[in-house]
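Below you'll find the structures, each written out as structure tokens.
Next, two complexes with subunit A in common: one pairs it with subunit B, the other with subunit C.
Entry: the complex of A and B
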């Protein structure tokens, strides 16, 4: 029994990381209707940026965010303003194609610079520290930190979107970009800010991925898949939904792995399919009337 | 009084279809101007050109002394051009109050907290105060039309472009709307109003422009314009009053 509690608990904590993958993707899709195929590669890119900041500058992993976050924010803004804004329109295909192309570009640039060797960000004793909750039941401190950070980020985003001037501009632009312009909102600027905001979260997710698993330049697409599954299970447009989706994915993967190590990834996909069958719009779909 | 808005030689075509053809018009500061014309005459396109949702093929637009022909739509809103759509376009996922707040905060370049009272006043003026915290997506047509007007007002426009705002309303509702628009005008906002309901238009505007096939057919005192042979011909002899 306690073994199963442990499995579910670890799965929930893994779900926090998946929610971080998914939150950025959800913002990008929610504000711009842009399906960001390069999201996974951006996570890996930011893991490399963090690795360089730690190795070259000698930063502590968490302090490295001081360098990583501004870099990702500015990169996101410029990427959107100089390339992706020109792909947006009534047709969903151009952004798909361009972000797919970007994904290949980023993977190959990373391969060129860092080789195909798998890397890891070292976080010292934090990697093995754990808290004993009960006999035979303990949680790692690092996964717990990741989960708590994910929850706080979602609370923060929720606050930003519902209660601030810029958040209302995000929602208005998401609703109707042409009308938003007639309200004095520069939609191109808002789109670029939303990408920058998404890449801030990607920056944090990248560091956490780098500490918790090995990564290499080709590791992006599988992160993308987890992010997609979490967003869709949660329901497009709901931030808490991405956390729920992430947790479901994490728990089902862990249960799968417990039954048979080969089942880990498959179990996550099965959970995804089951939810799609019963709740095609996800668990917490946003209400719309048009 | 100086001209607030002037269009010179303005033309816009969609493919080979010329929708606005060398259009000249001007609006004097503080004036209420009406525009009529048959369906497809180019009235809404003219508004889209003035607000910046569309860009002209040739010609220029001057607003408040500055050439705005190449200015993006959001800057034109901040410069003082407010617009309400014929078919209301509320931000459906936001409350009525938030719809106004967005316009007030971005359109007039102020902070949100300094706009609260202002938004509340507009809601009161437009009869939407009780619906403040309702999602805009759940409003009725009349309420949506009012929101459309209220949201345009929230951007503190110098000129308000109204696109068939009385269409689809009952006689009584039209009367209320006229009273609202007259009070907005009385407070100093210039108005350009496109409307098919001519008697509503005539109770507000002091000048009338007639458009057909993208060209200006007539321009002047509403009572005289309405009676002119060209206008009678365009409306195929149907009394426009």
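Entry: the complex of A and C
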């Protein structure tokens, strides 16, 4: 029994990481109806940026964010302003195919620079520290930190979107970019800022991925799929939904892994497909995607 | 005033009539290759044929049906595995597993469509990718098919095609040629039919086509099932040439990546586009093969650039400039002005 409690608990904590993957994707979709296929590769890219910052500057893993976050923010702004803004419009093909092409370009550039070797960011004793909750039941400190950070980021985003000037501009542009322009909002700038904001979260997610798992240049697509599944399961447009979706994904993967190690990823995909059949709009839908 | 006898709908063009003659001549040359060509050329041509056939099918899906799937490798891998299942475990002749794989691929595409058609637009794309991953993970669990490490086609199955190597290679070559010709002819006829008109309408505007009475869902489903049929059959063909299968190779996203780049660069939404794209892909691949990932970076950036600057692709630019159409699927109204 306690083993299953443990499985579910670890799954919930993993869900925090998946919610971080998903939050970035959800912001981009929420503001400009763009599904960014590069998302997973950007997470891996930021893990590599963190790794280099730690190696070269000798930073502590968490301090490396001082370098990683501004880089990702600026990169996101430039990416949107110089490329992705030109794909937005009624036609679905350009944004999909451009982000798909960029995804392949980023993967292969990382492969050229860092080789296909599997990497890991070392976080010293933090990797093994754990808190004993009960006999045979303990949680790792690091997964707990990830989960708490995810919750705070979602609270912060919720506040940003509902209570600040820039949040209002995001929502206005999302509702009707043309009218927002008439009100003096530069929609291209707002789109670029939302991508920059999404990449801030990607930067944090990238560091956490680097510490908690091995990663290599080809690891992006599966991160994209996890993020996507969490967004759809949670319900489009709902930030708290991404946390719920992430947790469902994490728990089902952990239960699958416990039954048979080969079923870990499969169990997560199947949970997603089951929810797609019974609740096609996700568990907490706030937005229709058409 | 236009007299009713003075206008007509024109379907073929001078280029298309010339193209038909050239096409038949090219086909005759291609059919004769096994009698005079070398083995390396034949192998390369087989690859060209199946990649072109995959590109045509993806173009039908995305360019006409508006169904941007990045998960066609689900059906490709499925078809490949059907070759192994039916030739090894059931004893069906290896070549006959190709149409069989197609039929089973079409059948399995029904439940898949039931799932992924719930997702709209962009999310449809990623949903198809999830399904492909699910296929891969499930086939990796089947021990009888070699599990995660895969299986090889036994020599007896290979021999059953033909006992001599040259006859075997010629057979596979002709089968591959037949597959690509069939795919292009069927797509061309489909697009010229009233279903094609419906698809073109959907491509241009979903709302407008619905308002004119087109059943968008049915048209898209039909295209999806047909693409699954073709892709699964081609999957069986591909792994008949490779003789070895594994989940990672069968359900590799790179099958779809290659095809997407080919279609985007060549010109999406035309039959000529994938042909141009395939020619460019193979012409560039030969000299750039040694550069590995740089080649993919080049292809990826070219596709991005084309999507941004010239979304109609290379064929789109050519046909606009010179009014060339080898596969005319459009109807043009022509008339002579009556002076009376």
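As a working rule, the second predicted complex is superposed on the first by the 286 of 290 C-alpha atoms of A that agree within 3 Å, B and C clash if a C-alpha of one lies under 4 Å from a C-alpha of the other, contacts with A are read in each partner's own complex, and residues count from 1 in each chain.
Please note the rule applied: a residue touches a chain if its C-beta (ideal position, glycine included) is under 8 Å from a C-beta of that chain, and two chains touch if they have at least 3 such contacts.
Every value quoted in this text rests on a predicted model; they were computed, and no experiment measured them.
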* Classify the contacts of A:97 with the two partner chains as first (subunit B alone), second (subunit C alone), both, or neither. => second
One more residue to check, A:87. First (subunit B), second (subunit C), both or neither? second
Quick one: classify A:4 as touching subunit B (first), subunit C (second), both or neither.
-> neither
Applying the document's definition of touch, where does A:152 land relative to subunit B and subunit C: first, second, both, or neither?
neither
Of the partners subunit B and subunit C, which touch A:111 in the superposed model: first, second, both, neither?
-> second
Please indicate which partner A:169 is in contact with in the superposed arrangement: first for subunit B, second for subunit C, both, or neither. first
Of subunit B and subunit C, the partner touching more residues of subunit A is C
On subunit A, the footprints of subunit B and subunit C overlap at residues 289-290
As the complex stands, subunit C meets subunit A at residues 62, 66, 68, 70, 115, 118-123, 125-127, 129-131, 133-134, 137-138, 140-141, 148, 253, 257, 260-261, 264, 268, 293-294, 296-297, 299-301, 303-304, 307-308, 311
Listed in rising order, subunit A residues that touch subunit B in their complex are 164-165, 168-169, 171-172, 174-176, 178-187, 286-290
The answer for subunit B against subunit A in the complex is residues 51-53, 72-75, 77-78, 82-83, 85, 89, 91-94, 98-99, 101-103, 105-109, 111-112, 135, 137-138, 151-152, 154-155
Subunit A residues touching subunit C in their complex are 29, 33-35, 37, 83, 86-87, 91-98, 100-105, 108-109, 111-112, 221-222, 224-225, 228-229, 232, 262-263, 265-266, 269-270, 272-273, 276-277, 280, 289-290
